[in-house]
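Chain nomenclature is as follows: A, B, C, D, E and F, assigned in order of appearance, with residue numbering initiated at 1 for each chain independently.
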Amino acid sequence: MNRNTVTGASLALLGGAALLIAGPALAQAAATVAAATPPAPVPNKGDTSWMLVSTALVLMMSVPGLALFYGGLVRTKNMLSVLTQVFMIVAIVSLLWVTYGYSMAFTSGGTGPLAPFVGSFDKLFLKGVTSDSVAATFSNGVVIPEYVYVAFQMTFACITPALIIGAFAERVKFSALMVFMVLWVTVVYFPIAHMVWYWPGPDALKATPTDVGKAFSWGVLDFAGGTVVHINAGIAGLVGCLIIGKRTGHGKEAMPPHSLVMTMIGASLLWVGWFGFNAGSNLESNGVTGVAFLNTFVATSAAAVSWVLVEHLAKGKPSLLGGVTGAVAGLVAVTPASGYAGPMGSIVLGLLVSPVCYFFCTFVKDKFKYDDALDVFGVHCIGGIVGAILTGVLAAPALGGQGILDYTVIPAVLPKTPYDYVGQVITQCKGVLLTLAWSGIGSAILFVLVDKTMGLRPTIDAEREGLDITEHGERAYNY
Amino acid sequence: MKLIIAVIKPFKLDEVREALTTVGVQGMTVSEVKGFGRQKGQTEIYRGAEYTTNMVPKLKLEIVVDDAVAAQVIEMIQQTAHTGSIGDGKIFTLEVTGAVRIRTGETNETAL
Amino acid sequence: MNRNTVTGASLALLGGAALLIAGPALAQAAATVAAATPPAPVPNKGDTSWMLVSTALVLMMSVPGLALFYGGLVRTKNMLSVLTQVFMIVAIVSLLWVTYGYSMAFTSGGTGPLAPFVGSFDKLFLKGVTSDSVAATFSNGVVIPEYVYVAFQMTFACITPALIIGAFAERVKFSALMVFMVLWVTVVYFPIAHMVWYWPGPDALKATPTDVGKAFSWGVLDFAGGTVVHINAGIAGLVGCLIIGKRTGHGKEAMPPHSLVMTMIGASLLWVGWFGFNAGSNLESNGVTGVAFLNTFVATSAAAVSWVLVEHLAKGKPSLLGGVTGAVAGLVAVTPASGYAGPMGSIVLGLLVSPVCYFFCTFVKDKFKYDDALDVFGVHCIGGIVGAILTGVLAAPALGGQGILDYTVIPAVLPKTPYDYVGQVITQCKGVLLTLAWSGIGSAILFVLVDKTMGLRPTIDAEREGLDITEHGERAYNY
Amino acid sequence: MNRNTVTGASLALLGGAALLIAGPALAQAAATVAAATPPAPVPNKGDTSWMLVSTALVLMMSVPGLALFYGGLVRTKNMLSVLTQVFMIVAIVSLLWVTYGYSMAFTSGGTGPLAPFVGSFDKLFLKGVTSDSVAATFSNGVVIPEYVYVAFQMTFACITPALIIGAFAERVKFSALMVFMVLWVTVVYFPIAHMVWYWPGPDALKATPTDVGKAFSWGVLDFAGGTVVHINAGIAGLVGCLIIGKRTGHGKEAMPPHSLVMTMIGASLLWVGWFGFNAGSNLESNGVTGVAFLNTFVATSAAAVSWVLVEHLAKGKPSLLGGVTGAVAGLVAVTPASGYAGPMGSIVLGLLVSPVCYFFCTFVKDKFKYDDALDVFGVHCIGGIVGAILTGVLAAPALGGQGILDYTVIPAVLPKTPYDYVGQVITQCKGVLLTLAWSGIGSAILFVLVDKTMGLRPTIDAEREGLDITEHGERAYNY
Amino acid sequence: MKLIIAVIKPFKLDEVREALTTVGVQGMTVSEVKGFGRQKGQTEIYRGAEYTTNMVPKLKLEIVVDDAVAAQVIEMIQQTAHTGSIGDGKIFTLEVTGAVRIRTGETNETAL
Amino acid sequence: MKLIIAVIKPFKLDEVREALTTVGVQGMTVSEVKGFGRQKGQTEIYRGAEYTTNMVPKLKLEIVVDDAVAAQVIEMIQQTAHTGSIGDGKIFTLEVTGAVRIRTGETNETAL
């Protein structure tokens, strides 16, 4: 989902495949063709199938996945508020995406000073996108239908803002939140997606090497959204819970999760859906997709296990909430690394991320006394940072990683030069800081703006009564 | 008549009920309650947030009986609900001045 | 899923693709071949993969999707009755489908007077279907394994009757209902599927232009089942709730949904699964599948938003139930349009359908005092009608639609003649009326028949006690 | 997933396809190639897509599917213990799989005496597996990326041990159980998977006919895991519940399922996910995958119907639990047969399996008074046996089955000799007995071992209080 | 004052409540309870395991009223909660020695 | 002894309980109830169907205390459960004629 460093190999492979399938007679023919202007590539139906499925899987991550994961952790009286917020954020953002978001994120910004930060309005209302237009992948000569690419990317734009709400769950006004989200995706998400992921594709890059997003130009690796999605949402959540303030009764009243069953269902669907998120981010269906898939699986398992172990040592009991929280932390951490690392590297990543997140969700949170209700910062921002930085290490072929492909040659190849650990880690840190700064500052401004104008927080009585009934006029359960 | 209120450990219900039928108790009303007392609740931990509730799940039995059998009923409950460990619960007795069976309109003892 | 008006384009594309891949040497060869008898087409594995997935997705719509969406809306004491009804309807109908349903719906009726209304019994027990036999798609020369087509269509036959039960939920006898459903799919669903969707395929149509279903011969457009599934089930539901009568206590006792959480999970799974329903109805995996997918997504979002807005204005509070009901209304409306409209047209469709359905679910229902418990008529029939009619408008290329392909030439092409709005809308209305009439009358007869013989309604005491315990001997929850 | 007896046909088909696509010019070229050394096969992206999806589907079967199916059946106080056990088993086993399990199960054991029972450690830590390495399917010349194969098989290793826990639910210590599972997959699952499924693939078999697992060498047919997964887990469960003993209060206190809603959701997700399990086991995406998919659907439906009917006759009321239990029994039974039988044979199989399982879950269990809490033995072991044995019958072409392919010729073909019913059924029985013996004895030893060292059972007070709070320090619901 | 405890069939609640307001009852407290008595519960069957619970879901109303209206209230409940079938429930009366309205601190009759 | 029945707003529970321990109350039994009174419930709307329930969630505390401390306990509850807004709840007092501790068989005051 950013310059994929691997699929060149499989491209070569596929290229070869084509020849083999076609046999000698065709071989030279093909050669001839290549020599002449190469034919416009057409989508492979296998890739298209996989991307359609991946898109559906990522939607499933938001609804019902994330909604349940979060909803189960709040008190009964606020269950519906969480479900409604997630559901409506997905609905609203998807409309913004097709109207102007896709254009802002995934068109060239031209040559102006803003070009590295945001795209153009050329594809407003999806102008020019047809059932025949195609989008580039990370392999030379491999494309997918643009409509599919639009839909796939849309699901990322939908889930990111939804992740934020967990930080200030149980104490925010629905209408004000929706307004905030419209502004937030416009000012924060679409630009960051452009900075990290926009490029003209493997075949065009050589011709227009500067037509790429800011972070992309630095060489930041983010396969599926460690920075764009998780660090971005995580820091926005922290800022939000600081500005909105603690829940009434926080620290005094017990606020146990009202249904860990829902949380477990949500976490499981997140795990299943995340394969679309990470392996889908390869944009085609090949061996690299396979390793991204496997990495996503084992990093999650490793993180679930290590969280439960840490907890076991610290508190004496392994819990379901610990297991599923660890799993999510693992999924977050492996997101930027999924297409770069190898399975063993991913396991190490998973084992490492949980203790760090655990530390933030318990000690740090207690110490600084912020009420990040559902640990959006502790799990998504911190987990994302751990993953983003370690991606710079785990991508190394020496560590079983897939290496970083050189797209200045066509077809792209792995460079002969040894892998630069230090350099890449520094690059990764730059990407992290850019995201933290842009999202942190942008979110702060927007939260204050909306708070001053509409007010973000319901009355204490309404909060006490519960947002389900006061904001939405419903009760979650009438057993 | 007497209203006997017994707070017992949930898993003891069947035993107590069967015992009471043997002494002719024909009905009772049971509610799920949370008990607060000497017995301490289990500690719950959610992502490091610890809650030790002193509220323990109990069952409250309300039984209205003829004065004659009250003592026997109380004793029977005390014996069957007994485990000897903290939290076995209590039995309280109150005076009932009237009873009506809704179905028939019968009153007092005959209503039980 | 009926004469797809688009994929000709992509066919051309693919045709082209084939040539390009094969290169010049092959080009003329292919040409030669084409000139001679064309080779029997074989399935593309990418298409097969997508159709397998789509089939699984549509099953997921029924169980657990629809079952939960409906179940959450009833009272606790009737939860299991809804789940059991949906689950067993799916089981029973799938057995009927492979034994005779598929044959009735998707074989030629020959030349007799009944041919336009129902197929033959040539494929009773799937006679002649093998792992090598194939089914046509909407692109010339593109086929999928027939077993996959049988399974995909089966899931549509399974969910349609399950949709009906919501109209008279909480007050029907299980055994009688099952008998009714066996009759209903036989007399109503299989024939309507034949009338709207049966055709010999793009390659054969030219040779046997009259070998098509009634509505199909009129040129009715129904990409994924607006008429066959939703209007059909919706009107049957209305008829059912009128014949069975209101729930005891209706209007007097409060009957709030017992778990909006289950309803939200159900709605979300319906949304996710519906991509298989709509995009899967393209029967292959290409750019048109992509636009059908995207349309399905944004129409749903638009309808969720507009329902919440209407509700906000009318009642002052945006609710979760409103959001998810709107989403379902949007999914229903976009079903017939999904492969014909464009994304912007789909958004308009979504914005329009919710207010109309809202009006029927509130004012109309109150006014005429029928107890359509879960708004099967208000959402599915009305939403289906709105979608079916507007499909006639939104298919217009001028409105970003995909146009209507001319299959009298091979490969099919878009006709030069301007798009006939009036004509197509009239055609669409004819399709709607045919469905309303056939299903409305057929259902009425069958409901009365079963009621007179077995009795559809449980005793008032049983109803009061709850169907879970009286009909099934179970309780949904024992917390 | 063991020597597929079908796809030769489709291979021929595909071979043909290639030729047809390529046209005459290429035809002979291809021929030439074939004459010379055949080119190394490359994965088809359609196959890869389907296998990626199937893998995700099988994970969904475990979490949340199986976890909910089981969890809903226990009492509230033990809900989380079930969810945690399933979730963590999946996590732990997946780590073992990539470290040594895959190597033990799916590498050649060489020529030593152990070779037929277990593989080597050649692929420890997935050594040698890259994004370019491929795994064989059941069609000559058709391969998939090895990473995808590793991931797909991993999900089978994850769900099998999770199936076991149902037999002794509500009365086992978490930590001890996890230790048991690590030992169990190592000593029981990995070897059995090797015995039944290991073979060098269709292209290599001819050269090294003896390099196969024990049961495989006998010719045991198990398409997707009737023996390896269900009989294996089922007998282990029985042994476990006998060694661990009955639940405190069993037979005295009422122990109704705490949420049949969760059980229904779980069963539905199992059904949906099982398509990945069974149809995915074909390892490619073709017509045979289609029939495996359809078989999986209708066998399930038939079993759901027949369970409800039996129950109706025996107890007077058709129940949801009956319907979903029957569905699972059908899924279990069709697992070994899915790629061999035809749809009608699968329906018969489904109709037969439920009465048998019902008999074991009621009469037999009551008679022998073992406390198989969630009927792991009654449904999975018995259902698996019924399926495994009848597979020997239903595979017969005369009964609409797919026949057993002869891989000694390349490409593989259906043998001319008539189908040997008796011989194959005997072979199937040998496979069943081998599994029962290996797993029964192995499990017994391990259960006793862990019980003696760590103790498998919590204190009676802890059991009474509920495992959620005593083992995990959480409550499932705080409404 | 009197505490009137009425155990009734759940679906009768609205009827009873409306009736009581007509005789000036301004408040009551309702709990979900399980009743054990002559009325037998439904049989539940799970995979052949049968449970016949003798516990029937009921609602318990607690109403504190002025002595003057007690009789009338009881009669009103008896009439409106009545269906004539087993399990209609009971009405018990107890003596209340004091009442306080938390909001205002008012006591006894004025607190109701 | 006295049985003190207090109906309070749910979120006040912890406060009240802590307050009571200070005056030596060692135990109580709590049930979730629905209260009907002056305070009106919130309106719920489902697809346009409106329900205004007059049933408000409350907690009912049952506390048996020695006559000596009864007055003090009541006052303490009245103060801590008080918010001043409608729906704060009530405190009722009844006479208890006997108490037994199931665990030990101790009776009356010593059983509390």
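Just so it is clear, a contact is a pair of C-beta atoms (placed from the backbone, for glycine too) under 8 Å apart; a residue touches a chain by one contact, two chains touch by 3 or more.
On a predicted model such as this, the values are computed, not experimentally measured, just so you know.
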If a chain touches chain E and chain F alike, it appears here: B, C
Comparison of A-B and C-E by number of C-beta pairs in contact, larger one: A-B
Distance from chain D to chain B - Cα centre to Cα centre, in angstrom: 50
Approximate Å spacing (C-alpha centroids) for the pair chain C, chain D: 33
Where chain B and chain E are represented by their mean Cα positions, the distance between them in whole Å: 18
In chain E, residues with contacts to at least two other chains: 31, 44-46, 94-95
For chain D, residues that touch 2 or more chains besides their own: 22, 25-26, 44-47, 49-50, 53, 256-257, 265, 315, 317, 319, 321, 473-475, 477, 479
Inter-chain touch pairs (all): A-B, A-C, A-D, A-F, B-D, B-E, B-F, C-D, C-E, C-F, D-E, E-F
Residue numbers on chain D that touch chain C, as the complex places them: 6, 9-10, 13-14, 16-17, 20-26, 44-47, 49-50, 53, 57, 75-76, 256-261, 264-265, 267-269, 271-272, 275-276, 279, 284-291, 293-294, 297-298, 300-302, 304-305, 308, 315-321, 323-324, 327, 343-344, 347, 402, 477, 479
For the chain F and chain C complex, residues of the former touching the latter: 44-51, 53
Residues of chain F that touch chain E when the two form their complex: 2, 5-8, 31-38, 54-55, 58, 60, 74, 77-78, 81-95
Chain A-touching residues of chain F, taken from the complex the two chains share: 11, 14, 42-46
Residues of chain A touching chain F in the complex: 249, 252-253, 464-465, 469-470, 473-475
